[in-house]
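First chain A sits with chain B, and in the next complex the same chain sits with chain C.
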Partner chain A sequence: MSSVGRLDILKKALGIGVVTRKYPYVRVEPPEGFRGKPIIDPDKCLGCGACAEACPPKAISTEDSQEEGARYVKIFYGRCIFCGMCADVCPANAIELSKEFELASKERNDLYLVIKVPMVKCSVCGKYFTTAPLLLKSLENVPEHLRPIMTVCPECKSKLSSRFTSFARRVGS
Partner chain B sequence: MSIPKLFRRSLWVFHLNTGACNACDIEILDLITPYHDVERFGIKLVGSPRHADCILLTGPINVNTLPHVIKAIEAIPEPKVLIAIGSCACGGGIWFDSYSTLGGVPNLIKYLKEHGLPIPNVIYVPGCPPKPEAMIYGIAVGWDLVRQKQVHEVKVVKVSEEGVKAIEGLSRELKESLERFKRFLRGVKS
Partner chain C sequence: MRSQVTEVAKKLKAFGEVYVRDGVVKVVTDEDRLKDLILYMLQSLNARLATTVGVDTRVLTHNYRVIHIFSIDDLKIYVLVELKVPKERPAVRSITPLIPGADWSEREVRDLLGIEFKGHPTKEYLIRRPKLWLEHAYPLRKDYPHSKKVLVPSPQYDIEPTKGFSVAIGPYHPALHEPEHFELVVDGERIVEARYCGFMVHRGIEKLGESRLDIYQIPFIAERICGICGFTHSVAYTQAVESALGIDPPERAKYIRSILLEIERVHSHLLWFGVLFHVLGFDTGFMNVWRIREPVMELAELLTGNRKTYGVNKVGGVRRDIDESKVKKVKEVVNRVRKEFTELIDKFLNLSEVIERTKGVGVLEVSDAKKLCVVGPNARASSIDIDTRRDHPYAAYPNAEFKVPVSDGCDVYSRALVRRDEILESLSIIEQLVSDLPKTPLSVEEVPFKELSEGVGATEAPRGENVHYVITGRSRKLFRWRVRAPSYANIPSLLYMLRGQHLADAPAIIASIDPCFSCTDRVLVINLRYGTKRYVTLRKLRSLGE
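Then we have the complex of A and B:
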C-alpha cells in the first residue's frame, strides 16, 4: 500500500489543473529550430538539381521535357523526411525549411510542389540541355572569350574540341 | 460519400505497425495522453480491427507484414477509413524502392484494388515522424473541421529579358565563329 491517499492525489490533480491544448481550434507554434515543409523559392531557383542529388529518400526529382523546353523540379512531401539536406546543398539558397507541419491531405496529388524552369537550346544540335538561370549564373565565372562555347551541350562540345585539336595538330606538323 | 457523412459519432481507431521504426507509434501514443487528449473528439484506440472504424498504418508496408495488413483491413467493418501516418506510409520513405517493401500506402491501395478491395477514403499525414498536432490536423481535415492547407502547386521560374537576349547573342556569336572555322578548314584543304 502506498502512503499517498486518494484525497491527496485529487488535491494534487486539482492544483495542476487542465493541461490539454485545444489544438485544432487554437494555433500551436512549433519550437525553435523545428524543421517543417521545405519550400522552393521560384525567384531564386536555378534548376541545377543539386537538391535532387542530395535528397536521401529521393523526394525531390527532376525531369527534362524536350517538347516544352522546361525542367520540372518536383517535391513529393509524402516521402520527405525533413532532414534539410536540400537546403544545405542549394547553391542559390532557394530552399528553406519552413515551420509548416500541417501537411495532411486527402489526395496524394496534393502533396506535390512543382517548379518549372525554362531551358536553353544547344546552338549546334538544337536540343535543350541546361536551364537558363543556371547558364546565366555560370557565365559570370567564365572569361569573356570562352562564353559563346557555354551555349553548346556537352556532347557537341566534345566533338567540337576533338575536331579543333586534330586541326591544330595537323597545322603543327 | 464524404467521410463526415459516414461517421457522425465517435471514431474508434486500430493502430497497425507495418515495419515502422517506432517513432510514429510513439507519437500516436502521445495522442492519448492528457496533453493532446484525442478522446475529446471521441477518438479511441481499440485492440481489435473488428471494433474499429478506421485503421492507422505506420511503416512502408513490409512484404512480410502484407498478409496481416490485408487481414486487418478486411476485418474492419464497412465503411472504413485508412490513415497513413508518417513518410514511410505516405510514400515509402527511404525504402520506397526496396525489394522488401511495397513502398507505402499508395502502392498498397493499388494492390488491393487489383485484388478487389477498393478503399475510397484515405488520409495522408506526412512527417518523419509527424507531430501529434499534425495527426490531429489530419483527422480534422478528413472530417472537414478545418480547411486543407496543402494543395498541388506549380510555380514557374521567370528569366529576365536581358538574360534571354544575352544567351541568344552568345549562341549567335558561336554560330558565326563556327562558320569562320569551317571556312578556315576549307581554305587549308584547298
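Then we have the complex of A and C:
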C-alpha cells in the first residue's frame, strides 16, 4: 500500500509543478476590500478627531497649534493595526484603507502621515478653537439667527451665557 | 434540558446562594461547603474545570473574589463557583487536590493577585519569578497601575544545576518557534522526566483590557492574543460581553462569525499538519499541506481584508458582509480544498514512516486527560467527547449539521486523525452556512451598557475550548477580563505524554497538541531568559492526581 502511495505522491508533485510566487520580483495584488495602509484625504478631512477617538492602538492623534492656527491630524503607521475603525467613524469619508502593505522603513519619520487643517479664531477672545471645515459643516445644521454665535469658542460662550442668565435673573426679580 | 437545569440549581442551593441566567449558573459558596460542592459536581454532574478567575473587588465590596468556572457539558451550562476572600491576608482553600487541572490557574491567581491557596500542593510560582519581579508587585490588583513594570531593573539570573543529564529544549520551540522552555531529563534515549517553563512573553493583555481600552476596542486586542486562531478569541470576547449586556446579535452576524471561525479552523489544522510532517522530517507532506492551505488564507483575505487578524468582529455584530460574489468564491475554494485534501492526506497518513513515528507515541491516557481537564482535539483523541460548538451552542452552529470526530488511540496518530476529520466537517459547515445566509442587518443598532454585569463566552478554537469571562465596569470599560486559551489547559498534559518516550519523538509530541504559547502567556511578564526557579516536576504533578 505504502509504496503505491509514495508513487502517487510523487506523481502528484510532478503534476503540480512550482506554486511558489516570485514575490517581491512579481507583484501580488491584494483583493478588493484589503485593509492596508490608511490614507487621509486632506481635502475632505474636517479635523474633527473622531478617528483619533476610535483608534484602538492610539495610532492617530490630533494636535492644535495656536501659533500657526492649524490642527495637525497625525497617523503613525508604526502603531497602526489596520483595523479600519478610523474609516468606519469618519463623518466625511476622508479615510480610506489602501492596498499598500509594504510599510517597512529605515526612517521612523517615514511612518507618519500628517494632515494640516486650518482653524478658526474665536470672535471674542481671538483664540483658535475649531477647524474651519468642521465649522462650515456644522453651520448647515444651525438655524440662521444662531449662526453668528458659532464663531465664539466654548469658554467664551459659557461666559456670555452666564452673563445673560444673571442679567435675565436680575430683570426677572 | 431547562427543567434539568432548574433541578440542578435547586440541588446546588444546599451549597450556597444560586443565581441562574441563560446558560450560566452561579453559586456563591464558602470555604466549608466548597469541598462537598466540588465533589458533588465532579461525581454527579460530570463537571470539567474550565478556569479559575481571581478578581480584586476591594473597591466594591472590601474583599477579593475567586471564581471557579466549570463546564457541565451534558447540561450545556457553565457553573461559576464564587468564593469571597478576605482583604487582609487573602487566602482561600485550594481545589487542586480534588482537580489537578486547577493547578495552573490557581497558581496564576496567586502570582498575579497575591491570593494564597490553602492546601495547594505546589509552592513553586507559575508566572512570578521571585528574583526578577519586584516584591509585592501584584499586577492584576486594581491599585497597581497598568503602566508600571513588575520587573526588577537589572535582575541577576542564576540557573540551578539539575541532577542527571538534562536536555534543554527551548526557550525557542523545536516545532513552532515560540519562546518557551522544556527541560527533559533523559536516561540514554528515553525521557525520564519533563519540566516546563513557559510564560516568558510579556503582554499584560488582561490588565490592558481592564485599564486603558473600552469594550469596543478590546475585540482587536483579543484577536491578537493568538497569531493563528485569533478570531476565535475575538468571538469569545464579544460573546462574553454580549451575554453580560444582554445583547443578541442578528442572525446574519452569527452566520458570518461561524463561517470565519470554520475558515480559521481549516487553515489552523492544515498548518498543524504541515508542522507535524515537518518535525517528522517529512517535508513533502509539509509543502503539500501548506500548498492546499494557501487558497484558504486568500479566501480569508477576500472576505475580511486580511489573511489573519480578520478584524470584522464588534460587540453586537460584525463589520463586514459576505455578498453573493463572495459566496460563490467560498464554495469554489471549499470544493477545491476538499478535493485536494482528501486526495493526499490519507496517502500521507498511511506512509509507514509516518505511522511508525506517530502510532503509540505520546500517549495520554483517558483518566489523565480527564484529570487534567484537557480540551479540543487533544481530549477528543483520548476519547473524551467534548466540543463547545455542540455542548455550548453559539453563533450559527445550532443551524448546521456536523459530527464531532472522536478517536480512542490516545496517541499522536489519533490526534492527526481527529484533525483530519474535523477539517472535512468544517468544510461542510462552511458550505451549509454560506448557502443559507439569513437576510438581517449585520449588527444591533445600539449597544446598551450595564455596569457590573458578568458574562461567560466560550468558543471551540482549533486547539480546544476557549473561555472568556468578563465583568463590566464603569463608562464602557471592563472591570475584569479573564482569558483561558486552550493551550493553557493542554500544555500540562505534555509532561504526561513525554514521559518514557524517545527523545527524538519529543518535537512531534509537543507539536501534537498544537501548542500556542502566545495564547497561554497572554498575561505574563517575563522575557527572554529562563531560570531562577525549580519548575513543577512531573512527579509532583502526578502526585496531585493520586
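The criterion applied here is as follows: the second predicted complex is superposed on the first by the 162 of 173 C-alpha atoms of A that agree within 3 Å, B and C clash if a C-alpha of one lies under 4 Å from a C-alpha of the other, contacts with A are read in each partner's own complex, and residues count from 1 in each chain.
By definition in this document, a residue touches a chain if its C-beta (ideal position, glycine included) is under 8 Å from a C-beta of that chain, and two chains touch if they have at least 3 such contacts.
Since the model is a prediction, treat every value here as computed from it, not as a measurement.
A.B. asks: Determine, under the contact definition given at the top, whether A:K12 touches first (chain B), second (chain C), both, or neither.
C.D. replies: second
A.B. asks: Which partner chains sit in contact with A:L97 here, chain B, chain C, both or neither? Use first/second/both/neither.
C.D. replies: In the superposed model, A:L97 contacts chain C only, not chain B.
A.B. asks: Chain B or chain C: which reaches more residues on chain A?
C.D. replies: B
A.B. asks: Quick one: classify A:F82 as touching chain B (first), chain C (second), both or neither.
C.D. replies: In the superposed model, A:F82 contacts both chain B and chain C.
A.B. asks: Touch test for A:G33: chain B only (first), chain C only (second), both, or neither?
C.D. replies: A:G33 contacts chain C only, not chain B.
A.B. asks: Is A:P56 contacted by the first partner chain B, the second partner chain C, both or neither?
C.D. replies: Both partners, chain B and chain C.
A.B. asks: Between chain B and chain C, whom does A:R108 touch in the aligned arrangement: first, second, both, or neither?
C.D. replies: In the superposition, A:R108 contacts chain B only.
A.B. asks: For chain A, give the residues common to its interface with chain B and its interface with chain C.
C.D. replies: Touching chain B in the first complex and chain C in the second, residues 19, 30, 56-57, 81-82 of chain A appear in both lists.
A.B. asks: Sort out for me which residues of chain A touch chain B in the complex.
C.D. replies: Listed in rising order, the residues are 19-21, 23-24, 28, 30, 40, 42-43, 45, 47, 56-59, 76-82, 100-118, 120-121, 123-124, 131-133, 135-136, 139, 147-152, 160, 164, 167, 170-171.
A.B. asks: Under the definition above, what is the set of chain A residues touching chain C in their complex?
C.D. replies: Chain A reaches chain C through residues 1-2, 5-6, 8-9, 12-13, 16, 19, 30-35, 54, 56-57, 81-85, 88, 97.
A.B. asks: Once bound in the complex, which stretches of chain C touch chain A?
C.D. replies: Interface residues on the chain C side: 213, 216-217, 220-221, 224, 284, 288, 291, 294, 298, 301-302, 304-306, 309, 311, 319-320, 343-344, 347-348, 350-352.
A.B. asks: Could you list, by residue number, the parts of chain B that touch chain A in their complex?
C.D. replies: Answer in residue numbers: 34-37, 40, 87, 90-94, 96-97, 104, 106, 122-128, 130-131, 133-138, 140-142, 145-146, 148-159, 163-164, 166-167, 170-171, 173-175, 177-178, 181, 185, 188.
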